[in-house]
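Order of writing sets the chain letters: A, B and C. Residues in each chain are counted from 1.
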Amino acid sequence: MEQINYKIDVFEGPMDLLLHLISKHKLDINDIPIIELVNQYVDYVRQMQEQDFDVAGEFLEMAARLIYIKTVSLLPKHEEAEILKKELTGELIEYRDCKLMAEKLSHQTEGFDRFVRPAQEGYVNYSYERFHEGEELLNAYISAAGRGKRKLPPPIDSFKVIVAKKFVAVATKVNTVMRKLWSGKKVKFLSLFEDAQTKSDMVATFLAVLELAKTKRISIDGSIENPSVQIVNEVKDIEK
Amino acid sequence: MKSNNVLASIEAMVFAAGDPVEPSKLAEVLNIDVENVIKMLGHLQASYDERNSGLRLIRIDGKYQLCTREEYSDEVRGLLEIKKNTPLSQAAFEVLAIVAYNKTVTRSFIEQIRGVDCSGPVSNLVQKGLIEEKGRLDLPGRPLVYGTTDRFLRCFSLNSLEDLPDLPEEAEQKDDSQTSLFDSDDKKDEILKENTENPDGEVTEE
Amino acid sequence: MKSNNVLASIEAMVFAAGDPVEPSKLAEVLNIDVENVIKMLGHLQASYDERNSGLRLIRIDGKYQLCTREEYSDEVRGLLEIKKNTPLSQAAFEVLAIVAYNKTVTRSFIEQIRGVDCSGPVSNLVQKGLIEEKGRLDLPGRPLVYGTTDRFLRCFSLNSLEDLPDLPEEAEQKDDSQTSLFDSDDKKDEILKENTENPDGEVTEE
């Protein structure tokens, strides 16, 4: 794969990055090949992290969303995936239009060269002369401050944990899963998740299993409640 | 009052107001018809242009305002010691586009489209007087609603929001299965028609 | 630059400056002689007079300023009076309420509560004489502190800030039996009525 060398500040956010990937790889925005897009996106986010960028939460959130869409589209019945994909497509089109309009606006800024002046002073005393009820102030205060408990925006610090959280790559989980199955023994599906520490760990492990099953490197059987997983590999076949 | 004097008094009032003035207010003060005032304003506009004045009378959203002619922006900046415009950021243009094309929106609506937090650019645009609060929504949290200002119209040389540029053709053709926020009304009808064959079209709106 | 354009650019500069401008400053920006600028200003002055403009260029203390002609001062005053009497905006009301309920606040405090830049409404309220600067905080940046004025008390018929209606949050601490969102409407009316003696009610909903 070619070396990705984007600068993060080029992108206004995950939507911007997605549009970039779509146009760069000439994907059809109306029928996004979701797996391809997820791979591109996740690769890019990983690059950002490797280059020590302070990856914003929004990028990770989008990664999780894409992975979820990919997950449900790997299921045999994927109506949900279609809906989610449509939703994403709609949002991308909206944002693309937004960018187009922004672009157009940015070409007609000559009005910024017109200057106006404040009202002429000395004619009118601007002191306020209307009368109001105290209740109006109370209502205005409640509007402004909510119920006195309006949440102020959380401090930047509180995002550190989220932003710093390691984004678990499916690729690494493929290795982990393969290592567990290497002996050729059947392994309980659920046991693959035993050392998962985070949600994204579990999602990645699950995706890894799906990937491996899809490429027929492992087989899944047993009951739905308690399936087991086994490696399908030539070495084992020869030993037989 | 002679008509010449009416013209001069309109000029004086528009100058003194600073902000854009409704012709109806001028008419109220002068006790004459609005139509008459608007005609006079037209004369005034023409006279500034004809004598190559450094000023011009512009019309914004049906209101009138005196401002300097853009040709002399360098000199005005020089005198006022204003640095050359720091151009708006990409984010600011995007937020402006969303606000302008939707007339009134909440910040969370903007953020939904852009997919990122927009408190910075929103605050910045409020500070620059390009968007302003238009009230609050009657929803939990009473979110603020923003709209564009007269200043926005002046800065982008628009008479009103109706004058906003249309979407480029190219874009419109490609995405006919989706209803975009930025579609013009007749475009939307088209989509509605098509949607009968393609009922999956519209899923993005709440 | 042609002399015609020099004239126009001087006009634009004097207009935008608002305050009286020294010819030497204009000369500096245009990079021409002061004598030349003064001559141009004379031309400009004459041209305003000749065409019976509603404006005139006056000379004060060797400085130049554009202003309205005194013949039209009644009209100008009339218009500005109309403008002045526009009621407070929702934003201004909210800022005023925040200042009143907190006695003295900085602008950044107001902005933190409202979640948006408030420089517009703050300076508007200062101009209307409803709030005023009360000094500076001994903090980095020495931020200005604002408080309400006597005019504010008069406009809201209050003897002092102690007379402001109680806030519901204090009420919630005293008695939270009535804070349900699901209070029926007539219940709410009741509470509003009772509020003078019994400030515990839930009045946050509109």
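In this section, contacts are C-beta pairs under 8 Å (C-beta built on N, C-alpha and C of every residue); 3 or more make two chains touch, one makes a residue touch a chain.
Everything numeric in this text was worked out from a predicted model, so none of it was measured.
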Practice task
State the chain with the largest centre-to-centre distance from subunit A, centres being mean CA positions.
Solution key: C
Problem - Chain centroid nearest the full-protein CA centroid - result: B
Handout entry: Comparison of A-C and A-B (more C-beta pairs in contact)
Key = A-B
Exercise for the section: Let me have the rounded angstrom distance from the C-alpha centre of subunit B over to the C-alpha centre of subunit C, please. Expected result: 22
Problem - Centre-of-Cα separation between subunit B and subunit A, whole angstrom - result: 34
Practice task
For subunit A and subunit C, let me know how many angstrom lie between their CA-based centres, rounded off.
Solution key: 43
Practice task
Give the residues of subunit B that touch two or more other chains, as numbers and ranges in rising order.
Solution key: 15-17, 19, 66, 68-69, 76, 80, 119, 136
Fill in the blank from the handout: subunit A touches at least 2 other chains through residues 115-120, 123, 143, 146, 150, 153
Practice task
Using the touch rule from the top, collect the residues of subunit A that touch subunit B in their complex.
Solution key: 12-16, 29-30, 56, 58, 62, 82-83, 86-87, 89-91, 93-106, 108-120, 123, 143, 146, 150, 153
Exercise for the section: Mind listing the subunit B positions that touch subunit A in their complex? Expected result: 15-19, 56, 58, 65-70, 73, 76, 80, 85, 87-88, 90-91, 93-94, 96-98, 100-101, 112-117, 119, 136, 141-142, 154-157, 164-165, 167-168, 171, 174-175, 177-182, 200, 202-204
Practice task
Spell out the part of subunit B that touches subunit C in their complex, as residue ranges.
Solution key: 4-5, 7-13, 15-17, 19, 21, 25-26, 28-30, 47, 51-55, 66, 68-69, 71-72, 75-76, 78-80, 119, 122-124, 126-127, 129, 132-133, 135-136, 138, 144
Completion exercise
Counting only contacts in the complex, subunit A reaches subunit C at residues 115-120, 123-124, 126-150, 152-153
